[in-house]
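First, the structure itself, so that you have it in front of you.
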Amino acid sequence: MNYRLMWRKAVNGVMLGLTGVCALLAVSVLFFILGYLVWHGGKALNWDFFTKLPKPVGEEGGGMANAIVGSAKLLLLASLIGVPIGFFGGVYLAEFGGRTFAFLVRYTTDLLNGVPSIVIGIFAYSIVVLPFKHFSTLAGGVALGIMMIPITLRSTENFLLLVPRSLHEAAMALGASKWKTIATVVIPAAYRGVLTAILLALARVAGESAPLLFTAFSNRFWSRGWDQPTASLPVMIFTYAIAPYEDWHRQAWAAGLVLLGLVLLTNLAARLVMSRGMSARRS
Amino acid sequence: MIIVKRLAMLALLLGLGSAAQAQGDPMLVNGAGATFPYPIYSKWFDEYHKLHPNIQINYQSIGSGGGIRQLLAGTVDFGASDGPMSDEQLGQAKVKVLHFPTVLGADVPTYNIPGVTQELKFTPDALAGIFLGKITKWNDPAITAPNAGVKLPADDIVVVHRSDGSGTSYIWTDYLSKVSEEWKTKVGKGTSVNWPVGLGGKGNEGVAGLVKQTPNSIGYVELIYAIQNNLPYGQVRNSSGAFIKADLASVTAAAAGTAKSMPDDFRVSITDPVGKTAYPIASFTWLLVPEKISDGAKKKAIVDFVRWMLKDGQKFAEPLAYAQIPKEVVEKEMKAIDRIQ
Amino acid sequence: MATVPIAVERAGPGWGPRTLLRRLRSGDEIAHLATLCFAASVILITTWLVYVLWVNSALPRHKFGLHFFLTSVWDPIFDQFGALPFIYGTLVTSAVALLLAVPAGLGAAIFLAELAPQRISDALTFVIDLLAAVPSVIYGLLGIFTVVPLLRKYVQPFLHSTLGFLPFFQGPHYGVGFLAAGVLLAVMVMPFIISVSREVLLAVPVDQREAALALGATRWEATWKVIVPYARIGILGSVFLALARALGETMAVTMVIGNNPRISASLFAPGYTIAAIIANEFTEATGDLYLQALIELGLVLFLLTFILNGLARLLILLTTQRGTAQE
């Protein structure tokens, strides 16, 4: 072997090794985050965390029961707004979309997907909080709902397009109208894919705190109905983490663990639904 | 499809549930504002809720600036601030806003210098110099001169201030404007100013958090935040030339002069007062209540709370290191409550 | 609210009795129209959003004009608002993030696309997709309690003593600041770079690599000199996508940036980003001009991400289509 070739082989080895290190690094970040949260959050988690209301400032103990319920309510509202628009919008693009208008919808959806969450917060504040004169669960739900639309819409479209054309044609040949074909053949076939999309969208907005700061605001008590401010897990983590109290830090870790656990589990569930039902790969 | 249906059902159930609850529901009164009195406020609202289970007062400490803003925008039922509203802000309000002093508190310079456990003494010039960015090392003569015997490091000073609109900042800058001509012209006083140096922390909580975490830092917080977090805080030289530590007596002394000459709208500054034992960076903190509250039940709840706070509530102040409102002022406030319609 | 009757009027001509009857003959038209409405609402919402941002930022736009972008004083007391420190902070933190995340992300993507066996690659990609799902506020939490102290105690003193002659690594070691925000952002955007770059690399036709290997190139040479250049536009697209995310990222940055509207060359210094100042000051801006200046910042952020996202998608589309066109 000449010197030149040895050099090239060495570079080959080193560089390929480095790419492996990069991959390892990226993957280990997740395990670091998980490990750290389990370590700190696990110690802090107790029954009170899930059942009690927060204590007055500086007093130890209490929990985040209201924030957990608050987050659930916000997600429910968000799905009520985001899922129908995203789902039917996706059906439109996959089944009816013309050229120009469909392009416009696709383009705007991608645009909306890229809008920073804090800007969505400004929007929700302007259209819900100001007119109603209330920080409210509703406003927070609207903000999160808007964020869910683009994810649900584009994935629904993708999954519907993955349904083989032959299924369409078979149904049409049997005399079914187009919408009947869609409702009874296409959507059931893509059902798992769409469910995955919705779960992923939920997981994404579940961790959002920026748009909630000035929409859902926060609440030390239970938030009743939909027109009162509400606590939510991500906002609580933010407030507790930047504060000086040790006990709040402890609870922030616990909340972080719960939130991350929920988000990752939802992601896992989504994959599971996906891998069981469809062999087609996402684009 | 099934999911959509299930979601709709769930929503319906939850909706019905909350509607049914609404009948015998506790009433929620929303307030927001200052973080300076947040420890005592959250204690009060907690105690008050125990006495009156059907009233919940949700107070969010978003800063005095936020309290004023959200009150003007009508998104909260009452606000709270440690800087009185300016004439301009009052002019913007659609309804007249009343100020009710609740307790007295103090801004203290709190620091985190590794190896220094003694109580530092600060002259007004030193504080102004540090926050103007002119004094940058801990061993600057302006700091060391009154602190003979304390070994201060040659490290850079990390200044921590508030990033949000804050009454604590208002008190601090109001004081610095009174003692430093340069501060007055360059920076001025207000709830959020254009800080010459430093890191910004959100809320008194955020500043205390940053100071606690950052070696060689100095910030200003309400007294209780320093006490609760075991942060050392310094003495400040008052107008009579004595170094005074912030405590109940020295803060009460600061208000003594103004107690008898309290203006009708309660908007008054007590920083840099005369008095040998007075702590120079103290202030009243105010609840901001609209003069007209259309919802009768809410109006009653707020009025009742203010009355309770001025009488029974005051006893919770001292354990949290806030000073009680002077008697003369309480009497005056009791009369002012009747102006709420 | 007032727009509803107008919309009906506009739709008027198409709703004549005869056309209506014909349309209703099959349910298709109803389904078409119904889904169309949902699709159109996306456009409506987005337009409304831009409209809200535009209308509510009229005051500072008229008062400051272009000066808004060129002045660096943010002084609510004297009603002076300049966006420069925030734009600067946003760009600097994003640049630091990309500087760290692009090489690492690209390396990982090459490993996943070119070297790792299919099953390992899929498993790792899954983990990296999970990483992308970690909420921003959790990155912030870890940022405050691990990244910031590490930077202050070890990284900053080290950089100071080795590269301290550069203006970027001078000044006191606060821990919080541009560097902390940049590091957090790097970790946050890396998953996006990895998964998009991997897709793009996988879309490169196999014959490209085979040709290079046949000519005697080592595996690394085939990857670096043939495949990566072939996919470069798509990789650039992934970088733009990451940049767009970094620019708009709010919570994690707000928690570690130091919240100080100042322009400094040193990465150790505290700064501020557009998203962070909106998060901190939006609820408490006391004057109308103040509030609207914040909304104008929101508009700026919107436009920045709008342009970057558009570019990113175009670039990714270009490469993946070129790749698949030959299949």
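Side notes on the structure shown:
As written, the chain order gives the labels A, B and C, with residue 1 at the start of each chain.
We take it that contacts are C-beta pairs under 8 Å (C-beta built on N, C-alpha and C of every residue); 3 or more make two chains touch, one makes a residue touch a chain.
Keep in mind that what you see is a predicted model, and the values were worked out from it rather than measured.
Common neighbours of chain B and chain C under the contact rule above are A. Ranked by distance of CA centroids from chain A, the top chain is B.
The count of contacting C-beta pairs peaks for the chain pair A-C. Spacing of chain A relative to chain B, judged by their CA centroids, is 37 angstrom. Remark: chain A and chain C have CA centroids separated by 16 Å (rounded to whole angstrom).
Residues of chain C found to touch two or more other chains are 144, 283. Residues of chain A found to touch two or more other chains are 84, 87, 242. Across the assembly, chain B contributes residues 32, 201-202 that each touch 2 or more other chains.
Interface residues of chain B, counted against chain C in their complex, comprise 32, 62-70, 72, 89, 155-156, 158, 163-165, 188-195, 198-202, 210, 213-216.
Listing the residues of chain A that touch chain C in their complex gives 8-9, 11-12, 15-16, 18-23, 25-27, 29-30, 33, 36-37, 84-85, 87-89, 91-93, 95-97, 101-102, 104-105, 108-123, 125-127, 146, 149-150, 153, 177-180, 182, 200, 203-204, 206-210, 213-214, 234, 237-238, 241-242, 249, 252-253, 256, 259-260, 263-264, 267-268, 271. Interface residues of chain C, counted against chain B in their complex, comprise 73-78, 80, 144, 148-149, 152, 171-172, 174-176, 254, 258-261, 270, 272, 280-281, 283-286, 291.
The residues of chain C lying in touch with chain A in their complex are 26-28, 30-32, 34-36, 38-43, 45-46, 48-49, 52-53, 56, 103-108, 110-112, 114-116, 124, 126-131, 133-138, 140-142, 144-146, 187, 190-191, 194, 218-221, 224, 244, 247-251, 255, 275, 278-279, 282-283, 294-295, 298, 301-302, 305-306, 308-310, 313. Residues 55-58, 73, 76-77, 79-80, 83-84, 87, 129-130, 133-135, 187, 191, 195, 198, 217-221, 223-226, 228-229, 239, 242-245 of chain A are the ones touching chain B in the complex.
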